[in-house]
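Multiple structures follow.
The two complexes that follow have subunit A in common; it is paired with subunit B in the first and with subunit C in the second.
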Partner chain A sequence: MDNNNKITTQVIETEVPMGTVHSAALEPYRLRLFVEDEIVRDAELTIGVNHRGIERIMEGLPVEKANSLTEKVCGICSNSHIWNSCLVAEKGLEIDVPPRAEYIRIIMEELERLHSHLLYLAHGSEVLGHETFSMRLFYIRETVMELLRMIGGNRVQYGASIIGGVRPRCELNEMRIQKIKEGMDYIEEKVLEFADRFIRDPMVMSRISGIGAITKADARRLATTGPTLRATGIEVDLRRDMEQYEPFEFDVITQDTGDVKANLLMRVLEIPESIKIIRQAIKDLPEGKITNRSWEMQDTDIIRSYIEVPRGKLYHSYKIEDGRLRNSIIRTPSITNINTMEFACIGTHITDAQLAVVQCDPCFTCTDRAIQIVDHPFRKNRII
Partner chain B sequence: MQIVDTDISMILISLVAVIGTLIVAFAVSVWLPGIERKFVQARIQQRVGPPISSPGFMAPIKFFFKQAMTPNSPMPQLYNALPLISLIIVVFILLFLMPQMYFLGALASIIAVVGLLKVEEIMYMFMGSLSKSVLSVNMPFPDLVKGAKYVDATRSFIEEISTLRAFRLIAFGSFPLYIALFVPVAMARSIYLKDIIAFQQLNGPVLFTVAGAIGAIVYFIGFMILMNEYPFAIMKTKADVMEGPYLEYMSKYRAYTYITRGFLIFVLASLFATMFLGIPPNIFNPGILVTIAVAILFPIFMAVMSAFSPIFTFRQFYPVVAATSILGVLAIVAAFL
Partner chain C sequence: MNLGLKSYSRARAVHVMLVYTGGCNGCDIEIVNCILSPKYDAEQYKVFLTWNPREADVLVVTGPVTKHVEEPLKAIYEAIPEPKAVVAAGACATMGGVYKNIHGDIPSEEISGPVDEIIPVAAKVPGCAVRPEDVLSGVVAALPLLLNAE
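The block that comes next holds the complex of A and B.
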C-alpha cells in the first residue's frame, strides 16, 4: 500500500510544531510537521529532553547492581532490559541457567509483551479518539498487570531475572500457575471479542485504513524493527533464533499493508501467540532449582546480546573488569524506528500524524539517553 | 387608568417569565454536562465517572476562585472577554425564543437566531487567533538548530490550525443544523417564530411529519457538530490541536466556557422544542418540562454517539456533512410539498 508519502523538495510554507508536551504523546518528544493545507509533507521528530544517563551510572558498578539498574531504562519493558543485561553477563561468564529459570523468564517476557501490546492498543485507541475502546483495553490489561505483580511483587519493575536464573520471589507454585492459566483464558477471550468488535467498526476502519502506510522496501531502507516491520509483511522475529524460545511453538504474525490498521492488528494477533507460549511454558515447566549460584567472576571482553522485545530488537553490551561493568551500551528498538515514524507521518492529515507516530509503538523515555548541551548563554544556537 | 395598570402588570408578568425562564435554563444547564459524562460516557466505559455536579456546576465554581495568569496572547484582555461574549450571545438566543419577546419582530425570527449562532461560532475563530500557547511554537525547545529541513517555513501555533477549522465549521460544517431549522420554516411558510409555533398549534408538531422527522435527525447531527463533540470535534482534537481555542483559558474565564457550553446545550434543545414541537421556553407554560426533557435527552444521545466513535478527520467529516446536508435539503423539499 502506498501512502503517497513522498518527500517534496519545494519550500514548505507552514510548520506546525507539537510538543514536547502534548496530549497525544505519552512521553516528551518534539514533532515538527511541515504541512500544506493540513496535509503533512515532511516531519521531524526530536527527542532529547529526558536524559537520565543510565549507562553512565552503570559504569563501574558491580555487575549485579548494574543489571538491576537496567530495569529503570523502561517502565513498560523493564523485564526485557534486565533479562538481556543478565544474558550478557551469563554469556561472558559462561553461566548455565537452569531450565526452570529459563521458562519463568519466558513467561515473564511474554506477560510483558501482553501488557505492552495491550497498552499500545489502548493508547492507539485514545489517539484515535475512541476512549471507550481505550478504557476497555486498559481493563483487560489489568489482568496482566496483576499477574506480573503476583510473580514479581511489583506492577512495573518486577526484577525477575538475576545472573544465573530468577529471583526466589518469582518461583511459580501451583496457585500461581492456576492464576496464570485463568488469566490467559480471560485475556484470550476478551482480546478476541475486542478484535471482532474493532474490525467490524466502519468508522474505526475508515480512520485507520491506509494511514501511515509503509512498504516493505521503505521498512528495509529505514531499518524498521519489531512488529512495525512485520506489519509490512517482512517475517522477521528474533525469537525464532533465540535458543530460549526453541522449545516453544508459535507463529510469526505478519500483515501486508504496513498502515495503522496493520500495526494495530499485528499486536492483536500477536497476543494469542504469546498466550500460546505461556501455556506451553506452564504445561512443560521443568522441575528443579531456579538459580545457578555456582559461577565465578572474571574479566571479559565486550559481550553483546540481542533479544526480541515487544517493540523489536533490543541490544545490550558491556565488558566486565574486576567484577565491575565497563563500556555499557543499550540500544532500544525505538531509536531505529524514529526514521519510520517520521516517514509514516508524510502524506497524512495532521490529526493522523500522531497516530502514524504511535503506530510504530514509540518508547522514547527508554530511548532517550543521549546527552545534549545547547550553548544557550551566548545565543549561538549551537549544540555541543 | 385600568388599561395602564393592566399593561404594567403584563410587563411585570413578562419580566418575571423571562427572568424565571433564564433561571430555570441556567439551573438545568449546569447539570447537563454532568449527566452526559456521569450517566452515559462513564457507564459505557465501565468506570465511576465524575460526580454529576462536577463538570457543569462545581468545576465553574472552583475555577472562579483560581488564580488567573496572563495568557500568551497579543490581546489578552480581549481573549479573556470572548467566553463571556459567547455566553451573552447564547443568552440572547434564548431570550428571542421566549414568547414574551416576539414583539421584537425580526429579532424573534429564525434569521436572527441563525445569525446569533453564527456570531457564537465566529467567537471560536477569534479565540483561536488570539491564543499563542506555549505548547507549540513558544515551547522553549531548540529545534531550529537541529538540522531543520525548512528554516524559512512560517511557524504556526496549533491554535491557528483550530482557527482554520473553526472557519471551515462556519463555512460548511454547521450546515446541517441551519438547513434543519428551515424545515419548520418551509412548512409554516414564515420565518417568524410566533408563526411557526402557531402553525404547529394548529397542525401538530413538525417532528411528527416525515419532513420533520428527517429534519430532526439532521438537526441532531448539526447539534453535535456545533457542540464540537466527538466524532465531530475537529476544532479541539486531542491528537493535534488539543483544546484548540480554549487552550489558554484559566480561572473564571474557563468557568465561563464551561457555563456557556452547558447553556448552549439547553438553548439548542429549546430551539429544537420551539421549531419541531411548537413549545417555546416559558416558565408559565407546562411545556417547559418538554424543553427540559429534550435538554436532558440531547446530551444523552450525544454522549452515546461520542462514546462509540473515533474522532473524524476531514476524510470522514466532509462526506458526513455533505450527506446530512443533502438529507436536510430533501427534508425541506418534502416540507414544501
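The block that comes next holds the complex of A and C.
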C-alpha cells in the first residue's frame, strides 16, 4: 500500500502551522504542514522547546547519581533509561548481575511496555475522536500503574535498577507475585476484548485503514525503529539479540501495511507477548540475592549499550573517570522516528496529519537532546 | 455558601488547562490521566480539561519552564480571563526539579526557573511525578480564589 505522494521541489504557498503549544498536540512541538487543496504535500516537524540539557548536567556527576538522573529523561519509559544506563556501567566495570535481579528488571521493563502501549492506544483513540475507547484503555492501564506502584513505590519514576542489581524495595514476595498474576489475567482479558471490539467497528476501521502508510523501502531509508518499523513488515526486534531475554520465549509481531491500522494493531498484539514474558519470568523466578555489591570503581573507556524499549532502539554511552561520568550520549528512539513522522504526513488529508504523526508513537520530551547540523540550506540535515 | 450568579455557574464547570513547559512527560500524563481516566474521573466533579486558554479557569503548569517556553507561557497566562488561578504541579514546576538543582560540573542554562518566578502561582503540588489524588486536591485548593472573586 502506497498512498504517499512524491516530494515535489515546487514552492507550496499554503502553510498550516501547528504549535508549539497547540490544542490538538499534547506535547509542545511545531508541525508545519504545506497543503494543496487540503492534501498535505510536505511537512516539517521542529522540536527543541523541551531541551533541558540532561547530558550536560550529567557531566561530572557520580555514576550512581547520574544513573538516577537518566530516569528523568522520559516519564513514559523511565525504567528503560535507568536500566540501560546501569547496563553501561555494568559492562564497563564488569559487574555480574544476580539472575533474580535480571528477572525483576525484565518484569519491570515488560510492565513498562504494557503501560506505554496502552497509553499509545488511548492517545491514538483520542486523536481518532473516539473518547470512549480512550477512557476504557486508561482504565485498563490503571492496573499496570498500580502494579508499578506496588513494586517500585511510585507510579511513574520507579527507579528499579541500580548498579549491580535492583533496589531492595523492588524485591518480589509471594503477595506481589500473586498480584502480578491477577493483574496479567485481567489485562489479557480486557485487551483482547478491546481488540475484538476495535477490529469489528467499521467506523474506526474506515478512519484508520490506509492512512499514513509507509512502505518497507521507505522505512529502511528513513531509519525507522521499533514497533513502527515492525508494522511495515520488517522483523527487527533487539530483544531477540539481548542476552537478558534469552530464557524467554516470545514472538516478534509484524504487520505488513505500515498504516495507522497496522500500527495500532501492532501495539495491541504486542501486549499479549509482554504478558507471556512476565508470566514466564514469574514462573521461573530464580532464588538468591538481588544486588551484587562486591565491585570496585575503576576508570573505563567509552562504553556503549543498546536495548529495545517500547518505542524502539535506545542508546546510552559514557565513560567513567574517578567514579564520575564523562562524555554522556543518549539517543532515544523517537529522534530517528521524526523523519518517518514527517514522511507519513505527506499525501494524507489535513485532518489525518495529526493521526499520521501520532501513529509513530512520538515522545518529544525525551527526544529533545539533539544538535541539528545543517550542511546545506535545502533539507540536508544531519542529526547527531 | 452564598455564591453570586457567575460564581454559581463557574463552580459547575471548572475548566482546567494544562501546559507542558519541558518536563519529562510523567506529570503531564498523570494529570491527563486523573481527568480522563475512569478511576479518578474529575469530570464527575464538573472539572473539565480544555486546551483553549480563553475558556480556562485554572492553569496547571508542569515542568521547569525552559527558556523557549517562557514567552508562550506568559502569553497563555495573559489570554486566560479573570478570575484565574495557577497550579504548579510536580517537583520541576515548584522548585526547578533535578534539572535546575542537581548538576555535575556545568549547570543547565536552559531552565529559566520555577513557575512562580514567571507567573503568580496559587497552589503548589509536590511530587515526582505528581499523584493524581494530589493534583485533584491542588486544583480544589485553588478554587476559592475563583469563586470568591466577585
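Here is the rule we go by: the second predicted complex is superposed on the first by the 369 of 384 C-alpha atoms of A that agree within 3 Å, B and C clash if a C-alpha of one lies under 4 Å from a C-alpha of the other, contacts with A are read in each partner's own complex, and residues count from 1 in each chain.
Definition applied: a residue touches a chain if its C-beta (ideal position, glycine included) is under 8 Å from a C-beta of that chain, and two chains touch if they have at least 3 such contacts.
Here the structure is a predicted model, which is why all the values come from computation and not from measurement.
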item	value
A:K65 touches, of subunit B and subunit C: first, second, both or neither?	second
Contacts of A:A160 with subunit B and subunit C, given as first, second, both or neither	neither
Touching partner for A:S206 - first (subunit B), second (subunit C), both, neither	first
Which superposed partner A:I57 touches (first subunit B, second subunit C, both, neither)	second
Subunit B versus subunit C as contact partner of A:L121, first or second or both or neither	neither
Touched partner set for A:Y139, first subunit B, second subunit C, both or neither	both
Which of subunit B and subunit C A:V16 touches, first, second, both or neither	first
First, second, both or neither for A:H349, with subunit B first and subunit C second	first
First, second, both or neither for A:V49, with subunit B first and subunit C second	both
Common interface residues of subunit A - those touching subunit B in one complex and subunit C in the other	20-24, 49, 126, 131, 135-136, 139
Residues of subunit B that touch subunit A when the two form their complex	41, 44-47, 135-137, 139, 141-146, 148-150, 152-156, 158, 161, 164, 230-231, 233-234, 237-240, 242, 307-316
Contacting residues of subunit C [partner subunit A, same complex]	19-30, 32-33, 36-39, 51-52, 63-64, 66, 68-69, 72, 76, 97-99, 102-111, 128-129, 131
Of all residues in subunit A, those that touch subunit B in their complex	11-24, 30, 32, 34, 38, 42, 44, 46, 49, 125-132, 135-136, 139, 203-204, 206-207, 349-355, 374, 376, 381-383
Touching residues (chain side subunit A, partner subunit C) in the complex	20-24, 26-28, 48-54, 56-61, 65-66, 69, 72-76, 78, 119, 122, 126, 131, 134-136, 138-139, 141-142, 154-157, 324-325, 363, 365-366, 368
